[in-house]
Amino acid sequence: MLGSGLLQGLAVTAKNLAGSFHDPARYVTTEYPEQRTKLPENYRNFPFLVHDDPADPNGTLRCVACQICEKECPPQCIYIVMERDEKGKALRRPKVFDLDISVCISCQICVEVCPFDAIKMDQEYEIATRNRFGGLLLHREDLSKSNAYYHQIHPTEAAGVDAALAEQKAKQAAAKAAKAAPAPKAAATTATPATAATAQDSAISPAPAAPPPASAPDTPANPAPANPPPDA
Amino acid sequence: MSAHPANALPLLERLPVALRDACTSWLPESWRWLANSLLSIVAIFVVFATLFALLTLAERKILGRVQNRPGPNRAPLPFLGIRTYGLAQPLADGIKMLTKEDIVPRGADRVLHFLAPVALLAFSILTFAVIPYGRALLPVELDAAVLYFFAAGAATELAIFMAGWASRNKYSLLAAMRALAQLISYELPLLLSIVPVVLVAGSLSTSEIVEQQGTWLFGVFPQWHVFTPWGFAGFLIFFVAALAESNRSPFDLPEAESELIAGHLTEYSGFKYALFFMAEYFGMCALSGMGVTLFLGGWQAPIPALAFIPSYGWFAAKLLALLFVFMWIRATFPRLRIDQLTRLAWKFLVPLALVNLFTAAFWVLSSGWAGPLAFARWLVAGTLVLGPFLVLGRRLSAGLGPRTYRYA
Amino acid sequence: MSLAFLLIAFLTVATAAVAMALRNLVRSALLLGASWAGVAAFYLWAGAEFLAFAQVLVYVGAISMVVLFAVLLTRPSRDEGAVSPASAGRLLPALIAGGSVLGVLVGAIVGSPLRTAAKPPLAFTVRELGLQLMGPHAASLVVVGALLTVALLGAVVIAAPGRPGDREDPR
Amino acid sequence: METPGQIRDRILARFSGAEVTVVTNPGPAAQHSLLVGAAHATAIATFLRDDPVLQLDTCSNVTGVDWPGREIVETVRQPLAPEEDADPAAPPGVIEEKIKRLVPGSLEVVYHLYSVALKHGPVILRLRTADRAANVTLPSLTPVWRACEFQEREVFDLYGVKFTGHPDLRRILMWDEFQHHPMRKDYVEPDDYEWEPTPHDAVLTKARRHYPAPPAAPEEESTP
Amino acid sequence: MSAAGELAGLSAAPGTTVRAVNDPFHGDLLEVSMGPHHPSTHGVFRMMVTLDGETVVKLKPVFGYLHRNHEKLGENTTYLGSMPYTDRLDYLNSMTNNWAYALAVEKLSGQPVPERAEYLRIILAELTRLLNHTCLAGFLLQDTGCSGTPLMYAFREREHILDLFEALSGSRMMCNYQRFGGCRVDPTPGWLAAAARLVDGYGRFLDEYEALITGNEILMARTQGVGVLQPDLAVNAGATGPMLRACGVDYDLRKVDGYGFYPRFEFRVPLGDHGDTYDRYMIRVLEMRESIRILQQALRDLPAGPIIDAKAKNRGLRPKAGEAYGRIEGPKGEIGFYLISDGGPNPYRYRVRPPSFINLTVLEDMCLGQTVADAVVILGSVDIVLGEVDR
């Protein structure tokens, strides 16, 4: 019969119209500012740096400025400068850790490749700013958040990471104790744990293949972003 | 006027007429007629202007609800700032339309460009004069009311042509031509579908047609025209033609031409654009009003027991129901192509309407049949309606149909 | 001669005159439509509602559309140029033609026994009109109907594609 | 499905003058390909498509590859001429010599052919241009497989290989007035450097070229 | 209407520029450019259409507006670094793009994949197929003029699937989930239960969706017999996916190549007979029903075990010199990656075989002789995504 398909279509729209008043499955709008959908635990937006002790957020950063994430980041949006004391010895702490979230594609590869679980993905998505240059360039201070916050947004993952770190610390302590206890034994035996220790050290902070170059070009790397240069 | 003596009706029923008389009683007799008509004009315009505003909101709300979303509900009342579930949305649209800049293209024919929306709106409002809104609420008692209604409706094509031509834009002209082709080819089934009603009612006056439908079979079933075989077919043809006349969903080809042309409204902005939409909604209301009057028993109550509800209440309920179906169809169907649209009119609706004439004639001639013959009467009328529908339907959708698929 | 009658008469004749004088064909076509509406106003003034609405429906609604379509489809392209201005040589034949048509019209009006109706005729309902048409004037109604159908069929045949004379359809 | 070797033999048997060699793919995927000379390419392609055994009726993928000219350092062993007094029993001395040989670069177009009818594939054809500068023309296989039409236009657009016999050879992705061929290895990016707040490595050198270092910013280390 | 043709100073509708080509014999040949900013061209895509009255006489697609040289990027980033970029190719189906790339790299480096990862990949690929085909039906109806109702139903169901992806990979559309040698995150039992619930409910949604669309006479009138594609032209022009199967050619990579563990699953491949727009729509609906069957089987016997190979090496992957061409049956057709490695961390040549780009080759052949309104519907049925077309 000619009109039967049309009538079926009308019936479906009528069912949806009626359903939208009583059936939650047929009324899907959450009105954003007032209502918010619950984010799944794995949700990721932009990265943040984890620090262990909220008292000294910049001191106890887990990040050792090994620059693996800077190299592996596909859009190259991370910029790290390692902190050195006056004699030039590396303090294995990032002096500058800039992350440009206007370039970041939140692909969490930095989290994946970071051997120290120092960088994790945040769930904060209301970060719009008016300033195009400075506003979206997060410095170490803005990025650094406490481990407790990390537990709050990714509970299971954070628990797993803490367990791994604790177990690693225990292994290290055991190794140190083993190294201290058999001191009087022949030197040969110390070699093995030492190498084991150093192996662990290297595992902890595998310096990039090329040792950090001693000399650094004199000019400051990061032109002051204060006044955005005129567009060419 | 109507047969019932005025004061025998319940209070609510007499209210509007009583109000009007109260306002104009202090005038001398000769001026009273002028004042009454002015008052009814003001009443019509107020009622249908607010209905237009609410219809735009209702359309978006219904479309939203059909698509499982709330529809507009954020517009706050101007200074109070409280959100009113979207009721302030037409207010917001109105203000936006008024403040938008009204651009007239350089090459445009200024006079016609300005005249087109005004003429379109004027002709569509003219059609409200003959629709009986209630027992005594008929603005103008015309003997040839139905003919007047379609005469005013026919002039709207002139206005659309003016709009298309005046914009001096090739696309508006092409779109205007398409709109005219659609309107003219659907005016025929529209007129042909109401001829049976006039044939049965024996008069062109709308109030008489509604009176005719005032009786109830066995006291329960209303004898509206739509509950007769020819009436049902006539109503469907009328409804499809009305959809096309007011450029609504499956036929909203001219201005919703997303493929190529943005229609004859391309060169209009600001208030003129709003006028076009007001004219479209008025046209839709007028056509549904006439549909209710001719087929759905105008202001007659469906069951005598419910007659205490005032007649204009029934008219409003039926009108809103018909408008809801307009919007419901808009939310569901895709658009027809221009050649399919005209083929549907000339090769399907017009022949069916002509056949419907015969069924109505047969219906009138066989009105004397009683008892078993009444059943035979329904049977013959039914086959006269259904037969051509199936035959023409199969010819129209030749080559189209659900398909079965094989699997590798 | 009531004021309304004069007003309608003036409007109808004015729109017709302006329609004739304008260069822009589309505007003149629209004004022609307006003058037909004036004629409908005459019928209304005379109390024949059915005739007035029929006039509006048929003339303003349909025939003015046909005129507009014709104007658009056959607009003379630029090169043929506008009609050459009135020249003295063509004054004489114009006067003769105009005068003869005027004479015939005036003769017909004066000759016919028109009673200038003092009062508008009694309420003349559509039902009686119908009965009149179907009764005494049925024959003329059928003839007019046949004439219109034949005209329609003729138009369709002329316009139908595939006739030997016209240009081969490009597609 | 036949191995590339068998296909090569059948092609050579059929087209006497054609030069077809098998290019082995060292990787684990072991998808070896046939390097076909430009002269007989279209004829061979039509044969591959119409051959009842192969019926390679669709060309799934057309890829342009840029092999720039390379300098290969080869160690060549040349037997040392035996001195007079050397005893005949001792083996003649051999000296190794490193000679630099310049391998001329070429633009290569790789066609992956599949058979929809017989459901097998891929047979991989490689066509190489003479060099990368002057004559970069190759016969277009669009007349054989319509699938190559857009993809060959893309190779022309991004690599600059001119396909003879292509129905509509225009740029497809870049705008028509664009001069260069961006996918070539030696393509130099336009220097429209836009400010990047976190420049390091290559971007840092470009940043320094564009913005001369502001005076006396706090001394910071920067790693390459 | 020669009069209309000569109008000077034309101001056309937004998105269409008009050049009146006057050909004395032919009447007005109207050359119209539809796009790149156009309501119904699925992104920045332009069609230079030459019209004779209503019918299309010539149609030249123009693209490149979204071209960002994805392949050059691939050559300058590591193998792992390119994985998030493959999400941006066909941004509706990031899971299948990831899988195709991972498959190609695994072929290149000979990397085995554990069983559980293969099952997960099939589950996610079929979910993506459901998502893509539902959206296509919605967009097709949108082109024929429905005021968004089927599209909204499609997006309602799509959101459920995207919620699953978000709960698993962290992002709705940019999942970056596959790795060379397996997957990145192991789904929780809760996730698997939610997936099973969704798959069981999807059949009911499809019935309702078909009731609204498939029997609709207006849609049949607008799509049946419109944009017919001959099977041999389709094969020769490299069309793949539902577009090819709608012409009756039996070629589905899941059956032909048998990659992943598809041979273990029992499913059928629907074929059309007419090759017109209606068949292309119906084939996708029937494929959705088959995907539901695959999903039910895969979710039922998903094995335990590692989700990534023990020796899988993603960071600093340096596959031996060589080349590999891996392809899978994406929702839009055969999406393939051709990688040439010279032993370095970055691929020497990184080539994407984009199905919608190649399916567009036959757009002109399908549109010739049809009306303008149909050209938009035919483009809708080809199902293109500009991220993949322009790369």
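Going in written order, the chains are labelled A, B, C, D and E, and every chain counts its residues from 1.
Criterion: contacts are C-beta pairs under 8 Å (C-beta built on N, C-alpha and C of every residue); 3 or more make two chains touch, one makes a residue touch a chain.
Since this is a predicted model, take the numbers as computed values, not measurements.
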item	value
Intersection of contact partners for chain B and chain D	A, E
Most centrally placed chain - per-chain CA mean versus overall CA mean	E
Farthest-lying chain, centroid of Cα atoms versus that of chain B	D
Centroid comparison with chain A (C-alpha atoms), farthest chain	C
Inter-chain centre distance, chain C versus chain E - centres from mean C-alpha coordinates, in Å	61
Distance between the centres, which are taken as Cα means, of chain C and chain B, whole angstrom	30
Geometric centre distance via CA averages, chain B-chain A, whole Å	63
Chain D-chain E separation of Cα centroids, rounded to whole Å	29
Chain A: positions in contact with at least two other chains	2, 6, 9, 12-13, 16, 28
Overlap residues in chain E, where contacts from two or more other chains coincide	1, 4, 149, 153, 156, 212, 214-218, 220
Residues of chain D whose C-beta touches two or more other chains	none
Residues of chain E touching chain A in the complex	77-78, 80-85, 87, 149, 153, 156, 159, 163, 166-171, 174, 176, 184-185, 208, 211-218, 220, 314-315
Touching residues (chain side chain A, partner chain D) in the complex	67, 70, 76-79, 81-82, 84, 95-96, 98-100, 103, 133-134, 136-137, 212-213, 216-217, 219-225, 228-229, 231-232
Interfacial residue positions of chain B with respect to chain A in the complex	62, 65-70, 328-329, 331-333, 389-390, 393-394, 396-397
Residues on chain D engaged by chain A in the complex (per definition of touch)	192-201, 203-204, 207-208, 210-211, 213-214, 217-224
Residues of chain B touching chain C in the complex	109, 111-112, 142-144, 147-148, 150-152, 154-155, 157-158, 161-162, 165, 173, 177, 180, 184, 187, 202-205
